[in-house]
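Naming follows writing order (A, B, C and D), and every chain is counted from residue 1.
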Amino acid sequence: MSMNSFGHLFRVTTWGESHGPALGCVVDGCPPGIALTEASIQPWLDARRPGQSRYTTQRQEADQVEILSGTFDGRTTGAPISLLIRNTDQRSRDYSEIAPKFRPGHADITYHLKYGLRDYRGGGRSSARETAARVAAGGVARAALAALAPAVRIRGALVQMGERRIDRAAWNWDEIGNNPFWCPDRAAAADWASYLDGLRKSGNSIGAVIELVAEGVPAGLGAPIYGKLDSDIAGLMMTINAVKGVEIGAGFEAAALTGSANADEIFMGNDGQPRFSSNHAGGILGGISSGQDIVVRFAVKPTSSILSPRKTITVSGEETDIITRGRHDPCVGIRAVPVGEAMLACCLLDHLLLHRGQIGDAGGHIGKPRA
Amino acid sequence: MSMNSFGHLFRVTTWGESHGPALGCVVDGCPPGIALTEASIQPWLDARRPGQSRYTTQRQEADQVEILSGTFDGRTTGAPISLLIRNTDQRSRDYSEIAPKFRPGHADITYHLKYGLRDYRGGGRSSARETAARVAAGGVARAALAALAPAVRIRGALVQMGERRIDRAAWNWDEIGNNPFWCPDRAAAADWASYLDGLRKSGNSIGAVIELVAEGVPAGLGAPIYGKLDSDIAGLMMTINAVKGVEIGAGFEAAALTGSANADEIFMGNDGQPRFSSNHAGGILGGISSGQDIVVRFAVKPTSSILSPRKTITVSGEETDIITRGRHDPCVGIRAVPVGEAMLACCLLDHLLLHRGQIGDAGGHIGKPRA
Amino acid sequence: MSMNSFGHLFRVTTWGESHGPALGCVVDGCPPGIALTEASIQPWLDARRPGQSRYTTQRQEADQVEILSGTFDGRTTGAPISLLIRNTDQRSRDYSEIAPKFRPGHADITYHLKYGLRDYRGGGRSSARETAARVAAGGVARAALAALAPAVRIRGALVQMGERRIDRAAWNWDEIGNNPFWCPDRAAAADWASYLDGLRKSGNSIGAVIELVAEGVPAGLGAPIYGKLDSDIAGLMMTINAVKGVEIGAGFEAAALTGSANADEIFMGNDGQPRFSSNHAGGILGGISSGQDIVVRFAVKPTSSILSPRKTITVSGEETDIITRGRHDPCVGIRAVPVGEAMLACCLLDHLLLHRGQIGDAGGHIGKPRA
Amino acid sequence: MSMNSFGHLFRVTTWGESHGPALGCVVDGCPPGIALTEASIQPWLDARRPGQSRYTTQRQEADQVEILSGTFDGRTTGAPISLLIRNTDQRSRDYSEIAPKFRPGHADITYHLKYGLRDYRGGGRSSARETAARVAAGGVARAALAALAPAVRIRGALVQMGERRIDRAAWNWDEIGNNPFWCPDRAAAADWASYLDGLRKSGNSIGAVIELVAEGVPAGLGAPIYGKLDSDIAGLMMTINAVKGVEIGAGFEAAALTGSANADEIFMGNDGQPRFSSNHAGGILGGISSGQDIVVRFAVKPTSSILSPRKTITVSGEETDIITRGRHDPCVGIRAVPVGEAMLACCLLDHLLLHRGQIGDAGGHIGKPRA
């Protein structure tokens, strides 16, 4: 049990609070000989960095990553990779409102109930700032995947903000970079901009749904029963701040389908690999990847730090009101997109190594006997 | 990494195939001195047992559990508890249809892709029969919870079959035992009966949504970041056969809520514990239990073993058709209810022990300094 | 933390008490496609079986192993392998002497101090009978090693009984099977026979030292720092009943050596692999195998169950005397030889899989660049 | 499997190379509310620090520890504690001798065989410099033990250098601080000083044996079978650089004892706790602490970096000679004393938390029924 670690063979341990001097992670189990420098990781952090539009927290962080160990001459050595990111904008502020009270919908109260004390500065460990370390680790995982399974491509998109869903027929990955929402639907992005402006001005916030797609994943990753690839994915997505639901492929819609409608029929592709008529499975059957795209969605609740006054209690048990001022995300789901991608990258690399450990090859045994 | 184990301090390892001689589990880490005999476990297995109505597989299994180790004079000793359940109805049958072909929507193909061979008899390890071992382990967890946290009560219900949802206003836990669906809404249960009869007769199947509620869970269970209680719950539910989605509290609906609507306001109860105006959080904030009811939902896809012919390929890579005859569940979600309960029981006990390990008491620090 | 499991990717969980109905283990993570039947495992259990000479406990156990899961058509499937061994000679006896008192030098008192109760029948879980499950698991590991690394050969010998050491110049592996002590020195074996007869008749017992040698182990197994191969070996040997010390290569004698005497000089072999002038390292440098023979020794204390009356206390805290009658081993170290071999086999296979997971090949990079 | 982590509930992950910018560790699972500042940790680092006498490497390192996370207002919060120590004396030097060749007896060759490349600057990850992170983690463990089990006292001593053993009758803990060897025997310390001067001047090195004693350890820590306290201790000591053997209590001498001589007889103390006539067990029976002093010894081989020319090969497979110049420890065992203490402190705290998790109290059930 490591509360601040995840992964099996590719294992990530993160540390750091919102308003401490720094945050970071230790990445253990990375294969040796992988090309890796700060420049391999920084672009992913830049993409996650807050304060790049008016739709995310105005906290300004350079989020410069330093590699403190684990590489030599620009390549991984197999030793643990320590990544450090300094906190530079822990704005000095007045905690007299937040220190003695619990924000409704926030982890304030449960940290206090569990530990009997909490670091209330900027949310301490519960701050979404911790996700910078995940994105940095994801950069290492992507570098290793690029070497070991170059066909793998992992991308995420915001597919729902509040009750507003994208038009899936209008999905265009190229649009992702053209708006501050990672939205693949140009019209939806425009609509969301005005919608979120209104919420932001009123001091309110809104939830969102993120969809991740991993293409080019080899068949055979994952394992039956408690080692299921989708179990690890679900557990990992649920570790991201504010996530309240996760689904694979058809997800909750599968509950409404008949067996004949849900089953993805199988054909042979020209490359000797199976092809499927549809992807209700989201690329995973029985916990093991099938070679189809892996499709994951997760729901992010609205930020609980809002300007509307809410009823709450104090740490000494008195009823009171609270307003949370500060630099909060009106839709924290936006910044969850690169975080979800990073977690999926780490998870897929981990299962690639696990598969290689038990099986010793790249799987894929159709039409030919195993040696 | 243990592919067939779950849990941290309370750790369960299951084994066994559908058509092998037996299946079972080893339960490690149970506290000592807990009253435990076969009679503590058997009722939970009886509730899960198939063949009790025409709506589940007609396979007949006594599912008699034997305790092979770990107890002495009717109490646990702290040693590993080995539970054995014999398979008695591995009906001899013709595998010439299923052995050389993959059922669409089934783990057949991914097991083959990963391992290069598979035990095709009754689905082998991928059969829902494995869940009997989970329910047995859940019986041990419930016995320990009864001693350590007697206020905890864990119940599950089927809240959706296909597109047919229960009327939540009609929720009555007492109805659960009055129908073969674990349905808390009497009218819905009657409707489902005729609906499922139709599906069954046409050789088709349907998905479902299960809701679990755990009352009386102490505040403080779980941990931040990667040790989150909801992460473990999501990962564990996703290990259950055919599950494609998991959500906590408001779940995916939280994506459509504003921050002001989603935040559960906090008050003081007469017992000196916090009370909440609502439970969008599903009893978990920041990965730690708040003392509210823990509410979990998961979606189960329809069984892929159906009578309608589907396109597929053979193990040697030829395209063909398949019809899956046999004794399959028209709605495998029904039998997932006691399985989900068992997994939640194991998870809550595990986190109770973890909390006790790190913190040493039962948490709950409002209005009083930690000693 | 699994108290009754060991291993990382190849993971073994054992269960069962001395006088329960059965004991066994679950072996998880075995590669698929390995030829495995009961006949692959039984010979190793037969070698460990007590009651085969007058120098081990006279308890008669058939130790017939049953494979309950994880194989299909005589090959492993990648699913967990459940092995069951029934206890047949749990002789009904009078526990009035042993139940209320603690045997000095035995785990009776610490089990009681920890758990507040104990299964006193035959020592319960602390009995050396648990090692049958280890030997069975070792049989699976050997079958997998035979397929994956056929050059590996693991053998053990008793090299010291009491103060009587073998003459290393007389070491002959062929002698191991010619005496009941696994002694590689014919003369020492004859001497030990009369020595142990005397001890046995006087109701006393004696300690021993076992040496294990693994030949043909590929270079590169293990990992730096906390993943060291020798750390795992030391930890695993120390889990065997009555073991009080473990050493690798020169072991404690290395403390008396100078650096110039201890360093094994390196040359090139004709096969392009490094050769060493000596093996003070015991085949492991920096936690990683070098390709030399792996040499492990461990010390086993004398059985604490003896006929001489000893001072002790009762479970209610009164001082008293105790004599332990029963069928005890005069030199429990003898039966530790096949147990040590089994643990080493499991450990080496586990590290082979771990290496393959992180590195993806068989290591061995001298004189050629890594691809 | 985490190659650079150890511990179960109290879990330490270290990172960093000898000549990188820094090294450090992340300490996860520490109980909350423990008083902890840099001043709690620094004294232990100061004690380990090299360059304080002519008998250790002349590398000068301030070894100033920084706490980057996990504390608030001088107390632990339950969040991961990140500790950073900068490397200040990575003396710029010529690696043309060491880079292309393997030092005999050193991990150079096995790192290269495993990973295909290595960070040769100062030994990279295999340098004893990594142990600074262990000592820092040990400081955290000691702070937690001081709060949770204040009777625990952990001390270490050098009891053998080369063939020169201390006189146990002259053991005086107060002498430890009066010589640069952690030697409890004043006369031996004087003898060792001149002995080591000779070795140092001749460019040679020597092995040593360290003994650790933990007093005041509560009975009941540890677990049977694979969770044994002595198994964890042995595995952890074997992770320390250059350690080749570990023993508990009588250790290898137990092999020479009869059962009647080895068994520690049991009496009742005035405090209602058991007392023992001797401590051959080293405070651990059946893997569980008995309440007696825990006694551990481990053997450290001589440094392989010596001035005498030795035969070796190059990374391209050519035979050659090597002389290792540099600032090496003539007896690296000296600096292993505080490292062993730190590992034991971490291990005991971890088992205290594990015990509390499964059992929920402090154990110790003699003469009274468990509640």
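To be clear about the criterion, a residue touches a chain if its C-beta (ideal position, glycine included) is under 8 Å from a C-beta of that chain, and two chains touch if they have at least 3 such contacts.
Just so it is clear, the model here is predicted, and its values are computed rather than measured.
> Which contact partners do chain B and chain D have in common?
A, C
> The C-D interface: which of A-C, B-D or A-B repeats it, judged by over half of the contact pairs being the same residue numbers?
Going through A-C, B-D or A-B one by one, only A-B repeats the C-D interface.
> Could you grab the centroid distance between chain A and chain C? Build each centroid from C-alpha atoms only and quote it in angstrom.
Each chain reduced to its C-alpha mean, chain A and chain C end up 44 Å apart.
> Which integer distance in Å separates the CA centroid of chain A from that of chain B?
The answer is 25 Å.
> Centroid of chain A to centroid of chain D, CA atoms only: how many Å?
Result: the chain centres lie 38 Å from each other.
> Out of chain A, which residues touch more than one other chain, so two or more?
In chain A, residues 1-5, 8-9, 14, 29, 32-33, 78-79, 111, 114-117, 125, 223-224, 354, 359, 370 touch at least two other chains, as defined above.
> Which of line, ring, star, complete or other matches the graph of chains that touch?
Its topology is that of a complete graph.
> Taking the touch rule as given, give the residues of chain C at its contact with chain B in the complex, in rising order.
Counting only chain C, the residues touching chain B are 1-5, 8-9, 11, 13-17, 20-24, 26, 28-29, 32-33, 66, 68-70, 72-73, 75, 77-82, 111, 114-119, 121, 124-125.
> Tell me, which parts of chain B touch chain A in their complex?
Listed in rising order, the residues are 1-6, 8-9, 14, 102-107, 109-117, 125-126, 130, 160-163, 199, 204-209, 219-220, 222-228, 230-239, 244-268, 272, 274, 276-277, 280-282, 284-291, 299-306, 308, 310-313, 315-319, 333, 354-355, 359, 363-367, 369-370.
> For a test of understanding, state which residues of chain A touch chain C in their complex under the given definition.
Within the complex, chain A contacts chain C at residues 1, 9, 29, 31-33, 78-79, 148, 223-224, 353-354, 356-360, 370.
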